[in-house]
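Below are structures written as structure tokens.
The following pair of complexes shares a single chain, chain A, combined with chain B in the former and chain C in the latter.
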Partner chain A sequence: MRASGTRTLLLAAFAFAAAPAAAQTSQFEKYQKMVGEDSPAELFVLVGADLWRKKQGPKKASLEKCDLGKGPGVVKGAYAALPRYFKDSNQVMDAESRILYCMETLQGRSRKDALKRPFGNADKPSEMEYLDAFVASQSDGYKMTPGMSHPQEKRAYELGKALFFARTGLYDFSCASCHGEAGKRIRMSDLPVLSEPGPARAAMSTWPAYRVSNSQMKTMQWRINNCYRQMRTPEPDWGSEVVNSMITYLTVNAKGATYAGPGTKR
Partner chain B sequence: MMTTKWMLGAGLAALVLSPAAVAEPSYDEVQQIIKRDFHAKGQAKMSRLDQDVVQRVCTQSHDKPPADLAKAIEADQLAAIPVPSGSLMGNWKEGAKTAWSGRGMQWNENPKKPSGGGCYNCHEISAQRTSFGTIGPSLKAFGKKRGSGLDAQRYVYTKIYNAKAYTLCSNMPRFGTTGTLTEQQIKDLVAYVLSPESPNNK
Partner chain C sequence: MAGPMKARARMQGNYADVRVLMSHPMETGQRKGRDGKPIPKHFIQNLEVRLNGKTVIEGEISQAVSRNPVFSFRIGGAKAGDKIEISWTDNNGDTNKTETAVA
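Then we have the complex of A and B:
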């Protein structure tokens, strides 16, 4: 990341704070465009690329031979074709679940070890956040084509859809409580109707994303986890069928979008 | 362990689904999968995933419940609210703090500190504040429009205590029923919404 990028970011942040509330949405869109080409996300991509090639774990192996769905070692375009069904694990996997699978199988790391810290913080990002950013960056410009033909892929979509409308948690929310009606806002943030192709495409083509409000790279596993936290439920298991089916449902709704991540978000 | 849990679920699905068609998962199956794939964390216990009749009916009807059923459950919800006798007008200044705090009840939060109502997340409230959501209706000048007498107080109190007593599949949480807000906090919110002295009605 160049120094000018940081400066732009700071300037934008000040402009942002001073702007009248009603104008904040469009201000943020302008800002998003401005930093889009020069985002802190780039830093995560670079570190992630190094981690991808780093020999780690009991097998002292890198992740370079990881099969993300396009064959061993192919990273180009892989993120845009996920989630999908994998025969070897007999599961529908999103990018992060598949990266974890490769850590286990190629590097010989235990699931527990590899998942010790799936979500980082501003001071110390997680290994997964770097890796996911790198893998995602290699799909920039690709059409999003999540798996939709295998029975388990169809099942994941249907389960994700059911979950989207399921009222749960202490506050009785479903995903649709906030993301079900057009033109609504929570605080000053526009809420995309994620069951509709248009808003789903805009949202899903830019995750993972550098979130300015957290100063962190955030992934889809985190996004779903954090929605449930705000819904006041217990915590969903990382990489579980619930989370992966939610990601599948949202990504299938966004199919056909041109992938443009990792993005920069509020 | 996760894999075992998952395989159990997949096996269960195989029993429920015919081999050829991938049907929508049944209501019971979805509920079982939810309970399998979450874990208790901090104050967020697993019992929060047990659907009561309100959550079940709204889930099964995609928030469009049959009118008769909705009416009956709404009446039950209303009857279960313990409404204190006398004035429900608390302190609007305290109410403002509760209305503009979104903290509380999340797995990463300290349960000993009081929760907010997070009203501003969804409602326009008070002319002085500009960062608010639009999921719920504007409450600006609500007291001016509706008065601040006992009937209005009782309405606002019970609505905050349990919004489902009025609209079964409302998006609004049940702040009293769930123990998120105390009786005093809800009275303070009543004052913030209704009182002529509150900035919401200035």
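Then we have the complex of A and C:
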């Protein structure tokens, strides 16, 4: 009796949550499909591919020998297998941190120089935005398999999870304040429950993404940075343990998704 | 300096569905820069689509079109293997072009 009562209650709760969301979602989904079919994201991929092969830095080297986790020079499928632990840097790194690592090691650029301008604008996108779009495009269709076995990867996941639910800052917000409950939205954008595999997959398999509303390619490092800005916390450092752990947590939640980026957003 | 341009064309029944992506700032002339001065207008004015060398679409577009515009056209009478060339000219006289074959 008790079990059956619980099930009825759960079903009722689900129907209640799903009904109003469905009517609003369809228009937004239609719009997303329309802008996603042929997207300026592809233009960023083309420029990124050229930058990948361009000889730069004190060592006059390209990034073509960069080891993104699949061995030196292998870009195919690499993005979908990140973040993961790298022995050479003794860190869990996402795609962008790894690209930066290659700029430092292969091209001989200083971290300061390579990070002078990680986030671009519509008039002048950043080098990292182009490169991240290119690397991501080479994983289109691959299953997402972030690192989950190394103790450091487990630690990053746990730290990311703790950060996701930790309330902080002027507004006493956590990520879960917006992304912890189904049926929430900001303006016309649905807010995915990123602690759940379903919504996490849909979100994580389509970043980095071209933003139609401001004509810019946005990366995961930017996404996390900007979420913290919206929560009015101090700005997290680019590629820091906080940001990379958050990306690890979100990507592990999305594991098994078929990667389909770079995507296109509102 | 013109950024990249990319086109693809596919047969859809009896017409070719052509999609083209182009990089362009499409400045309206209405915006002000950080120095408070208006940013000069800079936008694509003319668009031309040729099918096997013959002009099939000529378009005049304006500042109302977004940055990095995406266009799609349907060209009747095209067949697989046909060459499609797309070019634009902006108000500064700069041009760019790309071509693709109908798949």
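List of remarks:
What we mean here is this: the second predicted complex is superposed on the first by the 239 of 266 C-alpha atoms of A that agree within 3 Å, B and C clash if a C-alpha of one lies under 4 Å from a C-alpha of the other, contacts with A are read in each partner's own complex, and residues count from 1 in each chain.
The rule we apply is simple: a contact is a pair of C-beta atoms (placed from the backbone, for glycine too) under 8 Å apart; a residue touches a chain by one contact, two chains touch by 3 or more.
Only a predicted model underlies this, so the values are computations on that prediction, with no experimental measurement involved.
The superposition on chain A brings chain B alongside chain C with room for both.
Number of chain A residues touched is higher for B, counting chain B against chain C.
By the document's definition of touching, neither partner reaches A:113: not chain B, not chain C.
Of the two partner chains placed by the overlay, only chain B lies in contact with A:173; chain C stays clear of it. When the two complexes are overlaid on their common chain A, residue A:91 makes contact with chain B while staying clear of chain C.
Within the superposed three-chain model, A:42 lies in touch with chain C and out of touch with chain B [touch as defined at top]. By the touch criterion stated above, A:162 is placed in contact with chain B alone, chain C being left untouched.
With the two structures overlaid on their shared chain A, chain B and chain C come no closer than 15 Å at the level of C-alpha atoms. In the superposition on chain A, no residue of chain A contacts both chain B and chain C.
Note for the complex: chain A touches chain C at residues 37-40, 42-43, 46-47, 122-123, 212, 215.
The residues of chain C lying in touch with chain A in their complex are 3-6, 8, 19, 21-23, 25, 66-68, 70, 72. Per the touch definition, chain B reaches chain A in the complex via residues 2, 5-6, 9-10, 13, 17, 22-25, 30, 33-34, 36-41, 44-46, 48-49, 51, 54-56, 58-59, 62-63, 105-108, 120-122, 130-135, 164, 171, 173-174, 178, 180.
Note for the complex: chain A touches chain B at residues 20-22, 90-91, 111, 151, 154-155, 158-159, 161-163, 165-174, 176-178, 180-181, 183-188, 191, 228-230, 232-237, 239-243.
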